[in-house]
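Residue numbering begins at 1 within each chain, and the chains themselves are lettered A, B, C and D in the order written.
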Amino acid sequence: MDRGRLEAFSDGVFAVAITLLALNLTVAGPGHGPLYSQLHWPAFAGYLISFLIIGIIWVNHHVLVRSIMTVDRTLLFVNLMLLLFVVLIPFGTATMADYLPGNSWDARLAMVIYAGIFLGMSAAFGAIFEWTLHGQGRVHQPVLPEQRWAARFRFVGGAGAYVVAVVVALFSAIAAFLLISAVAVYYIFERTPTSPATPDSRDDSPLVG
Amino acid sequence: MDRGRLEAFSDGVFAVAITLLALNLTVAGPGHGPLYSQLHWPAFAGYLISFLIIGIIWVNHHVLVRSIMTVDRTLLFVNLMLLLFVVLIPFGTATMADYLPGNSWDARLAMVIYAGIFLGMSAAFGAIFEWTLHGQGRVHQPVLPEQRWAARFRFVGGAGAYVVAVVVALFSAIAAFLLISAVAVYYIFERTPTSPATPDSRDDSPLVG
Amino acid sequence: MDRGRLEAFSDGVFAVAITLLALNLTVAGPGHGPLYSQLHWPAFAGYLISFLIIGIIWVNHHVLVRSIMTVDRTLLFVNLMLLLFVVLIPFGTATMADYLPGNSWDARLAMVIYAGIFLGMSAAFGAIFEWTLHGQGRVHQPVLPEQRWAARFRFVGGAGAYVVAVVVALFSAIAAFLLISAVAVYYIFERTPTSPATPDSRDDSPLVG
Amino acid sequence: MDRGRLEAFSDGVFAVAITLLALNLTVAGPGHGPLYSQLHWPAFAGYLISFLIIGIIWVNHHVLVRSIMTVDRTLLFVNLMLLLFVVLIPFGTATMADYLPGNSWDARLAMVIYAGIFLGMSAAFGAIFEWTLHGQGRVHQPVLPEQRWAARFRFVGGAGAYVVAVVVALFSAIAAFLLISAVAVYYIFERTPTSPATPDSRDDSPLVG
């Protein structure tokens, strides 16, 4: 099992999951009231934010995976867990959008599920990152011990935000959604320091710096 | 992040989106009137035109992307925006076809959405093209300043047509659909001048010339 | 545009289309009568035959495409037409299976559509094959003029069978389905002569001989 | 037809099938009772187990296929049969989950179908493995005759468990589901002996040892 295979399969799952997001966008059609009233804005907002988050995790996945030199059973399993949560995103998005913009118990539960899926995804990504830190010959140039916490913060910082989002969702569905959206926009636009985990960091500078 | 990864992920999204177009083609089945009356022609016309447009943008995407030497965060984000609109095409096609061939307010709104999705796609593609024009070492052989407007017209000319289509859709849904169809057929059949953005233009001549 | 890109995109479309076939397999669930009566056998028979036919066209596509040296606009368009019909197969399968095993006018119309999709697919494949026969430097080792008709029969022979299936479907839906099934089984199991269009025919012998 | 093509197409099908599993996860939405009561736990349990099983067969497929040197028509057909069963998994999962946690005749029939799909998948995988054992020059380093039964047990051992699961499902749907789950967890976590079928077994040791 070489790394290329892991990347190709993961890419396929990312591509299908990001495209299935649009299946949530449907209108009932003629005879169900005016079209504008059928366009449920949370469905479109959810589409946008979930699309960005899958896009971000796809980028981060590749930045991390390309430094990997050897693929073992543990990595395959943890990567499968990451994909398991990614594949849940269209479901979480549809359910959450169905109950927004209200703040009923059900809306909050749906938002807890939505944030919880991202938390699981982020935790699985963190597990891949931890895997790269231990053992011999797993990555081209391991992160130095004194840089690990900074790297953890950069790669897995989203997990903390998602924990907060789960808690916020217990009180306000819309506030949790805004928080998740802010995290997505932050990751898209903020400059991220160059990854020390990659051997060719100079080539990376346009991407992560 | 190398270019190959960007292409593979984009290809996956293009392939899934173009295939999901056919999910809009359904019949209610036995007990819902004769089969021929269940075959809603706008659904098939929409399938054909949207299929061609995704096919065209896929070709253009590769002509443009293969000259790229370095992938930075801006390019990744703009490419993600392109894919975001591409993934919306099956939704836009289904909604538009539901309301055709009428010309109600809803039919026109649906056509504005349909044309608007292509406009967004075309604008994102234009943003990728602009990205290639600026900065050092982004593409193998940048377009010369005096050729930029010609290249813009060639690569992004569709955006102008889609602006017109959005305006036309405010008055006549079917006229806007015919205009969009004409753009698709034009791009499929017309010969396009050889791209100056590609270093190996001689090899390209069968494709773009 | 190199050949690899054409293959990757086509492979993606083939893979998604073949997987979407299974979306036609659904049961209404508890409360809709016994499960065995919900399992509509034509849906499963249609799944099997359509799966085999997509599998066959995928194999033939690669045998033909790998000998191609240059990709031009005509080839891209004709390949897009092939994919357009492939993507229609899940729709045609679902519609046909809905009306089987009856022989109403609707069942026959549905079977005409099903056979017609394969006919379109086969015609597009034939157009790709004709493209390889003409022009300079399109394939590694063009088919010799005296071998063209034999090669046509081998690569595009299915088209003739599908014409017959369309005609038969006008009279008997089930007979047309059996004919299409027989074609699929024939192509799967029969030995096909080694392709003269490929330069490395010796390496192919396990595949096509 | 080179091996890479077979792998790419199979990977695409695996990726789409594993992602389509999540389409079974839907809620009726507001107005259909509290959300928590709409979250049918067997649907989520089925998602988890089927996801793991597709992940496992994907890993095993690559361990086996990468040692293959030549691709013939028989291999293509048997591989297509494997994919045919993999693509059925989302359907089997949805049907089985609809009828759980009850133990009606229908629930047992649904579980027989679910286990039967895995049995078919496992049998097709076994057929690929048998193909590697016979003939000259099919794999880099064929399994020695005295190691064949051990290798069979390792690669195809699941088939035996699925036969038992089919029989158990005739009496208790939930017991059969627990058995299938146990097989999935066993394959994920248990260490598998290094494959003698692979020429570079030392490089594999992290994966299969």
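Here is the rule we use: contacts are C-beta pairs under 8 Å (C-beta built on N, C-alpha and C of every residue); 3 or more make two chains touch, one makes a residue touch a chain.
Small disclaimer: the values here were computed from a predicted structure and weren't measured.
Participant: Same residues or different residues where subunit A meets subunit D? The copies count as same if more than half of the interface numbers are shared.
Facilitator: Both copies, subunit A as well as subunit D, present different residues to each other, with under half of the numbers appearing on both sides.
Participant: Can you tell me the C-alpha superposition angle of subunit B onto subunit C, nearest 5°?
Facilitator: Rounded to the nearest 5 degrees, it is 90.
Participant: So the centre of each chain is just the mean of its C-alpha atoms; given that, what is the distance between subunit A and subunit B in Å?
Facilitator: 27
Participant: Determine the centre-to-centre distance between subunit A and subunit C, using the mean Cα coordinates as centres, and give it in whole Å.
Facilitator: Roughly 38 Å separates the two chain centres.
Participant: Where in subunit B do residues touch at least two different other chains?
Facilitator: In subunit B, the residues touching two or more other chains are 8, 12, 15-16, 20, 23.
Participant: Which residues, counting only subunit A, touch subunit B once they are in their complex?
Facilitator: 7-8, 11-12, 14-16, 18-23, 25-27, 29-30, 34-36, 48, 51-52, 55, 58-59, 62-63, 66, 188, 191-192, 203-204, 206-208
Participant: Could you list, by residue number, the parts of subunit C that touch subunit B in their complex?
Facilitator: On the subunit C side, the touching residues are 1, 5, 8-9, 12-13, 15-17, 20, 23, 70-73, 76-77, 80, 83-84, 87-88, 90-91, 94-95, 98-99, 102, 105-106, 109-110.
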